[in-house]
C-alpha cells in the first residue's frame, strides 16, 4: 500500500496542471466575456446569457465526451489532456464571468461617475478603480471556485488522464482498500485546498481592514 | 447668463431631462463667460444637481444643445458621441454632492490618480501636487487616510482637492460646503476666489445664501426644473423679482 | 501499481524484418495497434509499459503476429468502446462480452475466453431461485444486469465498479455479488470475507448469460473488417497452438474457459 | 500498409438521436432533483450560518466554522460520500444510500455557499448595519430585511452556479447506488455502447431544469439591483441612466 | 450639561474613543436633562459624529460610562452586553450624516420597516404613520421613490422621517440640515421645536450656527475630540470664553 500512496501522491502534478490551466483560462477570459453581459446591445447580452447557461447547465462529463469524442468525429483529434483542459477551461470561463457579474453589482454607480468626471480612460477606469474593488468583491468566491475546480479536474480520469482520482482508481482495482485509498486521495485535495483557502481569507481580511465599503 | 457680455465659455440651450414622467430639468438655457462664477440656488429637488450633471454629460439630456469651450453637442435622443463627451469632460472638474471618493485609495492617491492617468504627470509630481491641494483645503494631515477613516467634512474636502488637482477650466461644485464648518467653509471660499482670479469658470449649487452672495458673479434661482430668476446676487437676494424667489429667500431671513 | 501516462505509450517494438500474418490490415496509425485499455484484472493489466493479463497477453501476441507496436490509451469503461467507435483506438480489451446490442455499433471479434457469471456469497448459493431471495450487488456494465434487475427488483444494487460492490459485501449491505468468474477470483482476493465462496451460476432461462455463457472479445470499429478478420485468425492460431491455455494457467484462469465454442450473442 | 480512416456508423448521429433515451433517463430526474433540493435547501441556510460564524467574535466558533468550511470544500464530494457511506459503518452508523448522499452533498454545499455568502455580506456598506442597529432591529430582521437582500445582489450569480454544480454533483451519488440520471445513463451506455447519445439526452434533461431556474434567479437579482443603482459598463454609459443615490 | 439641573436623562462620563493612535473622543462628559436640545459645533474632524455614535453605542467607547434613561453601561475594553446596548438604542433615534438609507426599499418602506419589526405596528398603521412623517418633512410626493431616485436633500429628509417614526425619547441628529435649502431647513427647525415641546431630548451636530442658536438650549464646542466650551447658545456665540471658540466663530461672521 505504501507504493500505492506514493503513486497517488505523484499524480498530484497532473491534477495541479489541469486545475491551474483551467483556472487561468477562466480568470483571464471570463473578464472579456462579462463585458458582453454589460453591453448595450441586446444581441450581445443574449449571446452571453445563452453561452453561460448552456455551458454551465450541461454536466462537465458530457462536455468532456464532446471535446474528446465528438470533435474527433469532425476530424479534430485532441489528446486527452488537451480535451480535459479545453472542457474545464470553457466551463471556468462561464463560471468566472458569472462571479465577476456578481462582483460588479457591488460597485457603486458613483465610482464610475467619478472616473468619468475625472476623464479617466476606459482602461484606467477599469484597472485603477473598478478592478481593485472587484477583486475585493470576488476574491473569496474565486478561491472557492478554484478549490472546486481542483476536484472537478478528477473528471479527466474518464479519458485516462493520470491525475489523482484515475491513479487511485487503478490502485483500488489492483489492491482493493477503496475506502483507505480514496480517503488518502481526499487528504491530498484537502492539503492542496487549505493553503488556497487560508491565502484567500488573509487577503480578504487585509483588504477589509484596509478600507471599508462606503 | 444672458447678462454676461462677450464670448461665452459655456453655452447651454433648451436643456430638458426627464426621469420617467418627471421633468427634472425643464428647458434650461445658460450662457457663462470665461472666469465667471455662477451659483444655483433653489429648493431641494429643484434640479440643481441634475443640471450640474448635465453640464458634463454624466446625465444625457433628452434634448437641447450644449457647448463647453470648443466642444459642442446636440441632444435628440440618439446615442451621444463619445469623443465629444470626452472633450467636454476634459475641461471640466466636478465635486459631487455625495463625494464619490474611491474607497480603496488613500486621500492622496484619490487626488493623484487622474493626474497621472489623464494628465500624464509622473508619480512624484502627481503626489507633490496632490499634497499641495490637500494642504490647500486643510487636509495635509489626512493624506494617507482612507476615505472611510475620514469625517464627513474631510471626505468632502478630498473630493474638492481631487477636482482642483486637474486644473479644470470649468468647475462644477455640488454643495461644496454642505458638510463644512464655517471655518473650513471660509477656506474653501478663499480657494474659490483664487480659482476665479485664475480665470476658472465655476458653477455651483449651494444652500448657503451668504456663500453664494460672497463668491458668485451671478445667481440663478431654480424651481421645479426651471430657472425662474437670474441676476447679480445683490439683486436676486435684495430685490427678487419673482414671488417664488421672495418666498424662498424669506426662509433664510426668518430662520 | 500503474504507470499510465496521458499520451499513449508503446510497448514492444516490431522487428524490421517482420512479416505480418495479414498484410492487408490497416490501423489508425500505420504500424501501430492502438488499444483502449480498461484495467480489469485478471483480463487486462497495464504495468510498467507492458500489456498483460489473460486478454492482454493475447493482444500482445496478435500485435506481434501483425508486426504492430501496441499503443495503450487508458480510461474508464465509458470511454473504451466510444474510443473504438470514434477512431481513437483500433480495438479495446477488458472482458467485453459479445452482446447483440453491442454488435449493432461495433464489429465483435471471435470469442477469446468465456467468463461464466458467478456469485460470491457466504452461503454457497448458485441457482437463480436462491439469488432471487438475496440482496445482490453488481458492478456497472455487467452483462444481463437488466435480467437481474427483473429478477431482483430493488434488491439489485448497481455500483460503479466491482470493487465498490465488494466493499459493500464486506460491509454487509449486500448478501452477494455477481460478476464474471475471473473478476470474482481477483476481487475475493482483494476483499476477503470469512466463509465466502465463488460459485458459477447454474443455467437458468431468467439469466441468459448462464445458458449462453458470456464470451469475451476485442471489439473493432465497424469500418475495419480487415482488422477484425486478422484478429479472428490470430486468436484461432493462438488457441490451436496451445498458447492460450498456457496464458490462462499463468493467471490461474480456468483452462476450460479458453475453449468458448461457437460465437454467441447475449 | 495504408492508414485506416475510421468512420462511425453515422457520424455525429448522437446530435439528433438522443431523444430516444429521454424516457429511460427521466425516472432518475426525480432523485436528482430531490437531492439538489435537499443540498440547496438545507445547505444554503447552513452556509449562511457558517458565514456569520466565520466573522464572529468568539474564536472558538470562528475556528469551528472555518474547519467545517475548509473540510467541506476541500474534500471531494466523492470522498465525503465514501466517508459517510462506507466509513461510518465502521463506527456503527449505517445510513442508507440516499441519506448518505444527502449528508455529503449538504455538507459540501454549505461549505461552498458559506464563502459565497460571506463575500456578499462584505459588500454591504457598514452604514446599512449602523442604520439597522440604530433602529433597534434585531439581528434576524437586520439580516433578513436589510443585509441579505443587498448581499444577494453580489451572491446570486455564484449561488446559482453552485446550485447547478450541486445538481450535477448528485450524479456522484451513483457511487453508492443512488439511481439518478447519470447513473442510468452510464448503465444504458454500457449496455448499448451508445454513450454519446445517452449523455446528450442527459445533458438535455439537465438543461431543461437549469436554464429556466437560472434565468429566473437572474431576474430576481436584477429586481434587487434595479432599484438600487443602475450599473454601467466600464466601456460606456448607456443613455437614459439613473443618477446615483447621494448616500456615500 | 453641568448646567442642567435636576435628574439627567443622558449621562456620559469620561468617554474616550481612539482610532489607532488618534484620540477621536478625548475624555468627554455630558449630562442632558429630559427634553433638552443640545447642539454640538466645532471644526470638521473635531469628533462630533463620533460622539453621537458613541451615545447609541454604534461605536464602542474605549473607556468611560454611559447612561441613557435607565440603561447604564461601563466601558473598559471588555465586550459590551448586548442587552444593555439594545436598551439604550431602544430609546434612541439617529439621523446619519451620510443618511444610510436602505437602497432596496422605497421611501415609505424605509420609514415603515422598523415600526413594523421593532414596534410591532401593523402594516397599515406603519404605512400611515410613515406617510405622515414624510408629509411632515415635505416629502409626501416622493413616498414611493427609491433613495437612488431622490435628490440629496430628499434623501436626508427620508432619513429624518425614518428616525422620527420610531418616537424616540432621544434623537441624535448628525448635520440634519447640511443638504437642505433654507426653506426646508426652516421646516425641519419647526419639526424639531415640536419634538422638543413633546419632551424629546435631542443632540445634534451642526455647522449652521444660526440653526444651533435657534433650536438648542445648550451648545457644546468640540475641538480635537474634547468639549472645550459649553453654555447657553447666546453666551457661547456672543461671549465665548475660550480663545479657540472665538477664532472658530469669527469665521461665521467673516464669511
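Before moving on, here are some points about what is shown:
For reference, chains read A, B, C, D and E in written order, and residue numbers begin at 1 within each chain.
What we mean here is this: a contact is a pair of C-beta atoms (placed from the backbone, for glycine too) under 8 Å apart; a residue touches a chain by one contact, two chains touch by 3 or more.
All values derive from a computational prediction rather than experimental measurement.
If you take chain C and chain D together, the chains in touch with both are A. Between chain A and chain D, the least number of touch steps comes to 1.
Touching chain C and chain E together: D. The highest number of C-beta contact pairs joins the chains A-D.
The greatest centre-to-centre distance from chain B, using averaged C-alpha positions, is reached by C. Inter-chain centre distance (chain A to chain C, centres taken as mean C-alpha positions): 38 Å. Centre-to-centre, using mean CA coordinates, chain A is 49 Å away from chain E.
One finds 45 Å separating the Cα centroids of chain D and chain E. Centres computed as Cα averages put chain B at a distance of 82 Å from chain C.
The residues of chain D that reach two or more other chains are 8, 86, 125-127, 195-196, 229-230, 236-237, 242-248, listed in rising order. Residue positions of chain A touching 2 or more other chains, listed in rising order: 65, 69, 73, 108-110, 113, 116, 136, 178-179, 212-214.
Looking at chain C, one finds that residues 78, 82, 85-87, 164, 167 touch two or more other chains. The touching residues of chain A, counted against chain C in their complex, run 3-4, 7, 14, 65, 68-69, 72-73, 77, 79-81, 157-162, 166-167, 169-179. In the complex of the two chains, the chain C residues touching chain D come out as 20, 23, 25-31, 77-78, 81-82, 85-87, 90, 99, 101-102, 104-106, 137, 140-141, 145-146, 157-160, 164, 167-168, 171-173, 221-224, 227.
Across the complex, chain C is touched by residues 1-9, 86, 89, 94, 174-177, 179, 183, 186-187, 189-196 of chain D. On the side of chain B, the complex with chain A involves touching residues 56, 58, 86, 89-90, 92-94, 96, 98, 100-104, 113-114, 117-118, 146-148, 162-163, 166.
By the touch criterion stated above, chain D contacts chain A in their complex at residues 8, 11-12, 14, 66, 69-71, 73-80, 82-83, 86-87, 112, 115-116, 118-120, 122-127, 153-158, 160-161, 164-165, 168, 171, 182, 195-196, 199-200, 202-203, 206-207, 210-211, 214-215, 218, 221, 225, 229-238, 242-244, 248.
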